[in-house]
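What follows is a pair of complexes built around chain A, which joins chain B in one and chain C in the other.
Take a look at the complex of A and B:
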């Protein structure tokens, strides 16, 4: 417990001082930390899920408060809470099915046994129907349910002692199974976050065609892998990269693209509108995708989206599932922007005399925002690790990943 | 189990070795040993004063932690118990598994940086706390620069040269009136070694520099010392050996620069433009650094980020930071670049611009707060005006009171109703310590600060009898301003620089620029000499003209003949080394001046006066008109006088033929003057056009003569 607490405090400090940059890195750190919290948490015999949820919520609130602008933290916390709720629901359903089977074994009549077989089958069908909307880990539970029903007839001749033994064994196994299943779910989430690049890149072949010109902004690992995957499939196309002043992240992306063999052209941010008429598609990575389909991306991306709309150029957003945010832009918890230091724009030494507020003299103020918000009507297509989606479909996709109870923490 | 323990023990041993080898340490001086904030620091240490609602020491410790420092020794002198109590409650002590170890060293006898470092050296011999290089900073430093690379550079330099014992950090800045003295620094451009360090109290002051340093030296006057030093252990031993070293810069740095025997060297490092570093050493820099923090130059140490356990306030539009539970009336107007703390209430019709409001403040209705710093738990009642002031914790400003610019209200002061606090006043519940005024120039610590607690009881009794200084219901003393600092009180305050002072500073900078021109290489010097010669020449011709005029007028009064006047004018000509043409111009000028000064009622009379003067004194003028060039000079002089005088202007067309008739000016001269003027601009052809008919007549006359011959 002290070890987990120190790890939490250390991660909170890094978030507070903005030392971890990028949604994917933040999401990875967060989900690994929450896995440690879950594995070290002592679970009581009753209400195991509630204890886990409370522990994850307590840590999650600290993480979200440390850096409110990084929405990936809240996304991952809500995903983990959703996993806990799902596993709890599936285990509860399986336990109810098991109890019914145990109750059925009390009768000795052959006719009754045959008749009870049908209600057991009905319960299994109901559980299977309920699980049809759940995620792949639940299938494992479904398969495990069948051996239980198969073994029940063999114990029907046992006495009361064997019945009580079976019940206590079931309880302890249920307890260990919940935490185990939750950790398995979190592990799959970790793999999902780590592998979202490959999943998105696999779809590049369907969207990038021969001799096309692609415009991109910001430095996104997802965009880089997406474009390189199309390159590997023998697509010959060119990439325009906006340089992304004042941090010039576009320079880094251009260098990587050239190293991977792509034809790359760097343009200034103000040249986006001038070059948009030659562009076939705009592809950007997102910082976050809101529930209404809006996008929070690197600064300047809204200008590119407006230019693309003006020239009828498709605007494609690549986003891993960890960037899907269940909040809306108008939620008060959402901070859409972060103002960084003006020293990235101006040399402090040369402009320090303009910063004085002398009597009668004008004053210089420098604003350096980090993000831009793109409304959903400007987005043509979202490409996530589960495929391409329309902006109007994002709320449905988000409903699959999050529980309604966790939206307000 | 036994096998598992051995690798763990080995790992612990390796970690211990790595920790001892790479441990980064810092010494934080929690006392500035100056009296700039005296009216406030009598009751609270300077490092605990809030800047944008967060104590100064938290900025310094947060920066040291993120810069990779692992252990900080906080040296406490004045009010050490307050600092220790604060640190114990703060995040630096209560955080589990901290990255930064904070330890305190207490000494009540130190009165300077030198005393502090000597005390640490004595402690060093007993406890060996400081291992290797360390960073020496003051507790009022606000920075976000990385230190790891700088420390590594210092260590690499130390390996090559054992005499490199310190690296100072400088920052380029072009601010006016920063409050501190202008700094002149000489640096070797190749090795970045510091060669000269001097503070000039007045702008445009001179300083001496060793001639041998001028070979390859970069001389900077736009640098600011950040007072961040990377030191080797020799620094401590040097302070121990030289017990007269008190001031870090004035004694230690200059002592090492002057001392050639030991050969110790100091190097410099200039901050990149993306980093920020500043020290709060007076009220002016307090104001400047506060505004830099609000403008986010110190990112990530900004009010809306929790970097030291502080509660972040939310950043809204126009750079307004507002706490989530601040209560603000809908008719209150909060302007840009303003910070409002937690639990603060603002009444109706308030106007708050460019200010920082702390936590738990209560601001009434129709209050104007502009360019001010209101600290915590301050009560400002209705109708008050506060401009460019600092109001400390627990102050009460009664209704209708006015704080004029530059006021500093210390803790728990009460300003009476409708009272007007004079500009630049310092108000405190404690009486002004009078015995320390003579020591102020030495910049020692307040010896009375340790006894402030004892005397506060007595002062409370005295307060009741002298409460009328701040109005009937006020409480506190208005400190008197020292006579020497009266003219410069604007320099060390949060008031914006007045316009006339700004003009003076700008003028001083212009003078500096002119002085810089004088120092240019020899070609520039020759140019300067040429300018000087030209200036003298112009002045001497004016003197000559006046001398000739005086001589001519005296001749007119005495009614002398031409034979007597000509030698007198010749003596002046020889004295001033003039040509005949110059004499002719001067004499003609005198004649025309005489004609103008004679009484006349109309242009006709002036024309007659001029003709009379020319007729009478043409002999003197003719003596100098033997050459054509001299005659052209007279015509041009006449033209020049007509441009200056409106009366003479109409006479030009008449007098030129008269001069020709009297044989003063020859035909060739007039024709040549006409030819020269033909190629001039239109504005210079005014008088040529007037004489065009006369010149035509002259040409026709000469043609007739040729035909006749």
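Take a look at the complex of A and C:
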């Protein structure tokens, strides 16, 4: 436990100081940390899921508070909570089926009864999982505040000691099985995050065609792999990269594209409107995708989206599923933005000869935001690791990944 | 080659003189020097020979930097004046007449027009306004300074863009005058547009269909302002209007700047990512100078003939040309 605690503190410090760059790296570190938390958590016999959920929530709140703008942290925490709830529901259903089997069986027909019970159990699990994801929180649940995990109905047995002992053994194995299943689910999530680039890049062949011109902004590894996958399939196309002053992420992306052999042209940010009429498609990576289908992207991306809409150019957003955020963007330009150092725009002391305070000179402020918000009506298509989707479908995709109870933490 | 024209050309090359008005005034003043020092060769007429000389000087200036539309219109004015000179005038009278014509053009169509535009535009600035301007425009600076002198309380967002970063020059001049400013790059335009109440933009030209031709990035600013329902006011002198119709000026007739200006990031060696890559065959740099803003993004065009919607531009073009014809008729009479 002290080992996990020090790891949490270390990660919180990194998040607070913005040492980890990029949503994917942040998501990876977060999910690995939560796996350690789950692995080391001691769970009681009753309400194992509630204990795990509370532990993950406690750590998750610390991580989210450390960097509120990095939405991938909250996304991953909610995904892990969803995994715990799903595994608990699955085990509860299996346990009910098992008890029925035990109660109904006699020594001679044990094998036959188990065989008959399997299809019913599977159907019950599927139906319960579907109900769990779609069920809105009921008023009774909200008022009573009871945990969602259904407790196993325990019937006092008048059987022999051997039967009581077997039930105790079942309960103990259920506890270990829950944690084991949760860790397996978290491992799958880790692989999903690590492999989202390949999943998205596989779809490049369908969207990029011969002799097309692609415009992109920002520096996104997903976009880089997407374009390189199309290049490897012998698609001959050109890429316009906006330079993205004052951070010049576009220069970085252009350098990597040229190293991979793509035909690249760097343009100024101000030339986006001028060039958009010659562009076949705009492709960007997203920092986050909100519940309404809006996109948080690198600064300047809303300008490109408006220009693309004006010229009827498709605006395509690439996003791994770890970037889907169940929050609604209230006032996203301010609350979901981060202001960087003014020295990226004006050097310190550059205007000090003009700013003679008290002598009638004007004041000077410098604005250097990191992100832009793009409303969903400007987005033509989302490409995620599960395929292409309309912005209007994102809320449904989000319902698959998150539990309703975890939206507010 | 006249030394005055040669000097102006060098200023164009080194970008010491930039901006439509400044370049036009410098060129016209050089032409005045040419006229002053001119003498007619024995076997030629003044009209034909001076026109040929002016044409050769214009070719030299085009080599230094392509003409702006305002300069093209001014050159047409000068050649028209030369062609209209009566044969009965003596050489000294013709030269004096031409010199005063050019002087009047500068004073009325450029400097006087700016004064009228400032008077019109200042009426649109109210206390508490948050104004946004892009790059550096002389007439916009005059408007802001005059509004400040009238005691109006407002803030100015100065939006800038690479690689020229001309907004810094405007920012410096405004702060010295005591105007409260906020500085940002064009990528952050969506972030700051919520606070803006009006957008003032300069223009290199306005075409007959209302399209505004201006420094690259102007279309982006007007587009984002339009998306946020912020009025866009374009300030442009009438002599910069053109009867041409153009839907997309960005590729057909644009001017290219130095490509290496994009790959180089001055003063910050840590993020010079593309240093050493300028010779790569796969990597190109495109440094456009102008773009075309569609007329539906523009709320109002403020000109020396008044404040008009973009749909009225051809009316002003016609009135402008008619005025010159009338002057020609008077001279003939």
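Here is the rule we go by: the second predicted complex is superposed on the first by the 340 of 409 C-alpha atoms of A that agree within 3 Å, B and C clash if a C-alpha of one lies under 4 Å from a C-alpha of the other, contacts with A are read in each partner's own complex, and residues count from 1 in each chain.
One rule holds for everything that comes next: a contact is a pair of C-beta atoms (placed from the backbone, for glycine too) under 8 Å apart; a residue touches a chain by one contact, two chains touch by 3 or more.
Just so it is clear, the model here is predicted, and its values are computed rather than measured.
Q: In the superposed model on chain A, is it clash or fit for chain B and chain C?
A: Here chain B and chain C can both sit on chain A without a clash.
Q: For A:17 in the superposed arrangement: first (chain B), second (chain C), both or neither?
A: In the superposition, A:17 contacts chain B only.
Q: Applying the document's definition of touch, where does A:314 land relative to chain B and chain C: first, second, both, or neither?
A: neither
Q: Looking at A:366, would you say it contacts chain B, chain C, both, or neither? Reply first, second, both or neither.
A: both
Q: Mind working out whether A:66 is in touch with chain B, chain C, both or neither, as first, second, both or neither?
A: first
Q: Applying the touch criterion given at the start, work out whether A:341 contacts chain B, chain C, both or neither, answering first, second, both or neither.
A: A:341 contacts chain B only, not chain C.
Q: Quick check for you: in the superposed arrangement, does A:329 touch first (chain B), second (chain C), both or neither?
A: neither
Q: Who wins on chain A residues touched, chain B or chain C?
A: Looking at chain B versus chain C, the one contacting more residues of chain A is C.
Q: Is A:6 in contact with chain B, with chain C, with both, or with neither (first, second, both, neither)?
A: A:6 sits against chain B, while chain C stays out of touch.
Q: Determine, under the contact definition given at the top, whether A:355 touches first (chain B), second (chain C), both, or neither.
A: both
Q: Between chain B and chain C, whom does A:278 touch in the aligned arrangement: first, second, both, or neither?
A: Once the two structures are laid over each other on A, A:278 reaches chain C alone.
Q: By how many Å are the closest C-alpha atoms of chain B and chain C apart after the superposition?
A: Nearest C-alpha pair, chain B versus chain C: 8 Å apart.
Q: Would you please give the residues of chain A that touch chain B in one complex and also touch chain C in the other complex?
A: Residues common to the chain A contacts of chain C and of chain B are 346-347, 355, 360-361, 365-368, listed in rising order.
Q: Which residues of chain C touch chain A in the complex?
A: 160-163, 168, 171-172, 174-192, 194, 215-217, 219-220, 223-224, 227, 248, 250-251, 254, 262-263, 265, 267, 271, 273-274, 277, 280, 282-288, 290-292, 294
Q: Please name which positions on chain B make contact with chain A in the complex.
A: Touch residues, chain B against chain A: 66, 95-97, 99, 144, 171-177, 222, 273-276, 288, 291-292, 295-300, 305-307, 314-315, 319, 336-337, 354, 371, 496-499, 502.
Q: Could you pull out which chain A residues touch chain C in their complex?
A: Checking each residue of chain A against chain C gives 240, 243-248, 251-252, 254-255, 258, 261-275, 277-278, 299-300, 302-303, 306-307, 310, 333, 337, 345-347, 351, 354-355, 360-369, 372-373.
Q: Which of the residues in chain A come into contact with chain B in the complex?
A: 2, 5-6, 9-10, 13, 16-19, 65-66, 335, 339-344, 346-350, 352-353, 355-361, 365-368
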